[in-house]
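Look at the two complexes coming up: chain A is in both, with chain B in one and chain C in the other.
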Partner chain A sequence: MSLSIQSKVDRVFGHLEVQVDLRDKDVKTKFVVMDDLRFFEHVVIGRKFTEVPYIVSRICGACSIAHFLASVNAVEDALKVEVSEDVMMLKEVMNKIQIAQNTVVHLYFLAILDYLNSRNLNELALSKPELVKSAIILNSLCLQATKLLAGRIVNPNTYVVGGFTKNLTKEVLEKTVKTLDKAEKVARELIKPIIDLDLPRLEDPEPHYVVLDPPTGYLSMSDYIVGSDGVRFRKSEYLNYISEGVSEYSTSKYCLYNGKTFFVGPRARLLAFSERLSGVSDIVGHVREELKNPFANLKAKAVELLYCIANSKEVLSSLKGRDLNIRTDVKVRAGEGVGVIEAPRGLLIHHYRLNDQGIITYANVITPTVMFSKHVEVATKSLSKKLLEEGVSLTEVEAKVGALVRAYDPCLVCAVHLEVRR
Partner chain B sequence: MVKVFVNGKEIDVDVESTLLNAIVKAGYEVPTLCYLKGIFNEATCRVCIVEISSGRLVPACAYPVSEGLKVFTDSERVLKYRRAIIELILASHKIKCQSCSMKGGYCQLLKLSKDYGVEGIPVCSECKLYGSECLLARGIPCLGPITIAGCNAVCTNEYSQCIGCRGPVSRYDVLKEGVELYVKYGIDVNEVLRLAELFWSSLPIIDTLRGLLRESKSGGKA
Partner chain C sequence: MTNSKLVVGIYSFGGCDGCRHEILNLGDALLELLGKYNVTIAHEPLLGYVDEKEEYDVVFIEGSITSESEVKKLVELRSKSKVLVALGSCSFLGGVPALMKDLKEGVAKNLTNAPIGKLVNVVPIGKYVKVDYWLRGCPINNVEFLTLIKKLVEGKFFRQGERRFDFCRTSVVNVNGKLLNLDGEKCIVCGRCVSVCSNLGVNALGIINRGIDIAVSTPFQEPLDNTPCISCGLCAAYCPVGAINYMNNIQLIQDMLRRGEKLIAYLEYEALAALAESEEVHPGKLITAIKELGFDKVVLWTPLAEVRPSTDLSIVPMSYAEHKYITQFYPDLKKYLTQPPATRIPYRAVLITQCVSRKVYGDYVLTAREVQTMLRSLDITELEPTDPDHIYRPSIYGYLRAVGPYELRGVLEAVRRGIIKTGAIVTYICPNGCLMGGGQPYSRLPFEVCVECRENYYDKLLKTYLTL
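This part shows the complex of A and B:
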């Protein structure tokens, strides 16, 4: 048998080819990222700590807020800045709204097309105009809320190291809550088609995951990371557990957790903390059984979409009429800091070393796509093996492999900024 | 028929014609804004000024030809004054024009200001339209005074420093004024330069800025 699939996966952020080599009995798969290296870790060296969040938020237009916040967290950790609880809360809300917006784009403009027999959004708009219309409305509502809190829809500018630049006015708060209220109504209807999807069956071959471990709440900031094996460690020790490697066929790196392939992202978060999702527990019940299936990342995302919007609204409403402590003084000092955050696609780690003038001397960034890239390979392998045993045609295998990769929502432009360390 | 010399080139034109006709006939170009052939020749914008033999600067679209008249369309003096005229027009113009999506070359004024290097409106002017408090007064190094306007001052309105993502203003006098502002407010010029290098390090103007900042530093010490 001389069969192989070289599928250029479309509808992902960046350029990706998934190679499935079927010549062996033991199927070989490769996750080949074809974007050029971007060397962001090198660019920030020699820059001042205040500029770094501005630079790294430009790594990715889709989740610039996640990169911005992770970087801010790392710098604040290095300078031993203790921001107030109000600031923490607003940061979390910013992150949640961004996750919601990212999820809308991924679910309704990219991933759902695989299951509704449409090749592109135009076809879907003809067959299901209501779905596309409300997805666009929801996207724009999330962007409006982002703009109100973060100043811009990409590359936030209301925050500097130490806190927010100005106090949230009553009008902005009310406007944001109103926008989120509208968004929640749309989202409640919109996630139904995703929750009801009949996903292809696939048992996760490597069910290990790593998530951020907040003491309370879901998608909150935390200094601790926890693995599916129950090991809990401080963020500064991440290098002892998560190792990076370079593959010769791809421009992105890969990660291993204790030498094992693992995944991050909405499915991991839901597997770990599904009982903490207040307000959407009825939907979580529907989804929980399926979570062992990598395809179910889509459903996990849908649950998070609703939760993020509803929770952000709740938190912001509770801030009404309160005086917020939004700024902490920053003293420049030498230090080392790690910032972790749950980005839309999973755990994001920024790690910097500063000298006594506040100049960056070392930087390391590990993005979610890098973390789960090996897991995509393993899952693809298991899927294509299973499909071949069932005697499915090659085109069908290719389509299914594409759908599986898209379920992970890889962001390749994030993945390739990594510098190769020797 | 009369004989005129356009940039030294001899050419015969009709007695009734204007300098602009003669210049075009000779194969030279003079920018125009308000002139519309046969409809409007009141010479209100003055962008089409040229120098004549007596040394006067006259609007080409309305000035009649005469025997033996010498015309210079791009002498140093003409270019200097034309630039000043464009600056004056822009000064009473909406700043938002600078970020207009028609900037691709459809708007004659913006095209002219690009050709003549008149992109002299800094972010400060937009920032002030919204009544934001000056960040320099708070001691924050902000690139607003030396960055091209057109972003609606989106960062400075949020009290976050301008990082110059739209590029530097190309006018030396504005740059100089900006540097003077930094000195006045006691901002560390090294900080300004570091921030400017974030987006502008590959632009030739960074050397000009470096020189200006160095000058201000030594001046401050003396």
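This part shows the complex of A and C:
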């Protein structure tokens, strides 16, 4: 009997292989990203600051809006542009709708298949037509809302450094609110099967996490980052706490927080700020006990899905009554800026240095998948050890490991933007 | 799945997966494809299909090819598949990954154990394999994807490249029979030819249809001879992919030189200035280089040497293009036109010019771009500069210059209204005159800088050679 698993994980964005070596008593696991190197941090050097958000939004097709916004935040930070409150709120809404849309795709088209004995979307559509139908409706509603605010679904084009390029009229906002209203109704029903899922039990071996720390609200923009150990630091100091390393076997880097393996994402956000989730507290109560389990990322996502839609609807309703201040003048100057955002998969950091002509001279991007890649390895190890003790078959182990990795929703195309320095 | 109408594989290389995300976002329509249209998706890991088939009907390629192992994989997929489709800008044009072109192993050397092969420069996948269809955009428009698949299900196999330049599929397009060479397989429908043509006010080309049927064509797909085309050749000069090209005479001239025929190169001032700029060398070295190619003599020539304006008002066209432009759009001013120059070049002399339009007169015309190609075999910087054997000087001075379409139109209106009554008007239809004509060599510089640089060279040339 072969005692090692080399499993290509499908139903994730990008190419991923998970290797589990069971020959030793101490199980070895590897999270091998096999996507092509694309060196975005190198590509943007020498480019004008106006081009950069548009280039880096091509890092990932799934969460392009998150990359776009983080990049815009970083450039605005470097140029000391103070955008208006309205723009800030609209940016947050854009991000939340994007999180909702990504969550729908991940939960109902990719991850839930592990628990319903389906291998692909078509099989699921045959066995659970109702579920797929409403998931598709919810997805298209989220896409419509994204299109109204961001211009396009993948790679947004309504925003430039300093503000929106088009005036978001009352009609547009009203239309978006209506769309989100429909979406909320669908989502409320749709998240039930996820909340009721019977997840495999697994104790998180490394329960450290890092999240963005907004003064109020959930998933809001902030300049501060907080760790599970209670340390709170400014975004510009991120390099003192979060260190990057080059993995020998993967095209992605890995990250450590104060030398410890950590995770980011919906589960981390919910662990830190579950009491701030207004409107969905009844569902939060259901999932709170389970949050120690890495598999419970799915449930955390379901909660966020509902919250994001409901909250975006609320914010937009409050905005549609008044004249929006959507553009701030930008003066080119030398500077350094860090943009942080809670992307669908967790904390995302963009960091640029500009010279006095607005040309990028240094760039660093740390994506959520890079941050939690070590945590996936640790969790996989702990899971396969546990399964081995229970004496399950290797195919079973492989399936469970795949399900665990998918629960993190790794995005490998995000992970491989890296440039190796020194 | 033997009854399936279409077996589809979607393969992703170095890209952002945005195009596949768009396909996933089709939702209902995607399920309809799988059900009603009986399409089998064999390979698309994002949707959970992981079969590797031996034979496909259609393979979609997303993302750029960045390593040697992927080139192999791509060639293998081509051999397995009846139809190969490039999905989105990354595969079709190189996309954002193509921006990392100056980056080699040096940066990636710490990753020796990573599962990547030797890196290659990112180029469009058309360089490696034959591509049947291109879905443009970053990301793709998923409705185009749907339309294409439905057409393929219905058995409507057509090659997209054949649709481009629909007006001239069978032969070379000509004004008089032998000027432009169009290759629809290369066309990316960027629209630069269309915009340069409409800037001139000629509008011989336009974009027709939408979606996967989009193409560059003439009005009503008439042959180019029946359109207002003035054969200026700017569409060829600005085509970024070489889909529009003028017929080149390199082979003809080279054969003649090899046979030892004594040819005299009539080199235009503007061509010399532009070549000096694009090759970044002293003009004298270029004259030596042209002699090295086998030309017996190099003579510096200008069309203005031949102009014999009448005492009355005369409009001097610098080439056939201006002549046709004025006869076509200002027929009432035809009586003032003089004959286009370059008709009196001696037999067996080769004209080296910036003007594609002069090609209409005969076979012994080389554009600066063709000369640039011929010079590739030589190391010009090592050569000693020499002076030309003879210099033709302009025969007229004190004339009015009308450069570019806007100035030209203004001056012609002034003539029409009787504001200008006497003197010679020398007309250039190309923006920035002959320096940026249709036969210009490839420059490394951005447009504005290139114009400025060539003008400097031109002024210097006039100062040096006209005072000799």
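Here is the rule we use: the second predicted complex is superposed on the first by the 420 of 422 C-alpha atoms of A that agree within 3 Å, B and C clash if a C-alpha of one lies under 4 Å from a C-alpha of the other, contacts with A are read in each partner's own complex, and residues count from 1 in each chain.
Quick note on the criterion: a contact is a pair of C-beta atoms (placed from the backbone, for glycine too) under 8 Å apart; a residue touches a chain by one contact, two chains touch by 3 or more.
Only a predicted model underlies this, so the values are computations on that prediction, with no experimental measurement involved.
Colleague: State whether chain B and chain C clash or fit side by side on chain A once the two structures are superposed.
Modeller: clash
Colleague: Report for A:Asn157: first if it touches chain B alone, second if chain C alone, otherwise both or neither.
Modeller: Once the two structures are laid over each other on A, A:Asn157 reaches chain B alone.
Colleague: Is A:Thr165 contacted by the first partner chain B, the second partner chain C, both or neither?
Modeller: Only chain B is touched by A:Thr165; chain C is not.
Colleague: Comparing chain C with chain B, which touches more residues belonging to chain A?
Modeller: Of chain B and chain C, C contacts more residues of chain A.
Colleague: Just chain B (first), just chain C (second), both, or neither: which does A:Arg119 touch?
Modeller: second
Colleague: May I ask you to decide whether A:Ile55 touches chain B, chain C, both, or neither, giving the answer as first, second, both or neither?
Modeller: both
Colleague: Please pick the stretch of chain C from 99-107, 207-215, 297-305 or 387-395 that overlaps chain B when the two structures are superposed.
Modeller: So the stretch of chain C colliding with chain B after superposition is 207-215.
Colleague: Taking the stated contact definition, name every residue in chain A that is touched by chain B in one complex and by chain C in the other, in rising order.
Modeller: 55
Colleague: Quick one: in the complex, what on chain A touches chain C?
Modeller: Touching chain C from chain A are residues 8, 10-15, 17, 32, 34-40, 42-43, 55, 58-62, 64, 105, 109-110, 113, 118-122, 125, 132, 136, 139-140, 143, 153-155, 246-251, 413, 419-420.
Colleague: Show which residues of chain C lie in contact with chain A when the two form their complex.
Modeller: For chain C paired with chain A, touching residues are 12-22, 24-25, 27-28, 30-31, 34-35, 41, 45-50, 63-64, 66-67, 70, 95-97, 99-100, 103, 107-111, 113-116, 119, 138-139.
Colleague: For the complex, which residues does chain B have touching chain A?
Modeller: 154-155, 158-161, 163, 191, 194-195, 198
Colleague: Looking at the complex, which residues from chain A come into contact with chain B?
Modeller: 47-48, 51, 54-55, 151-152, 157-160, 165-166
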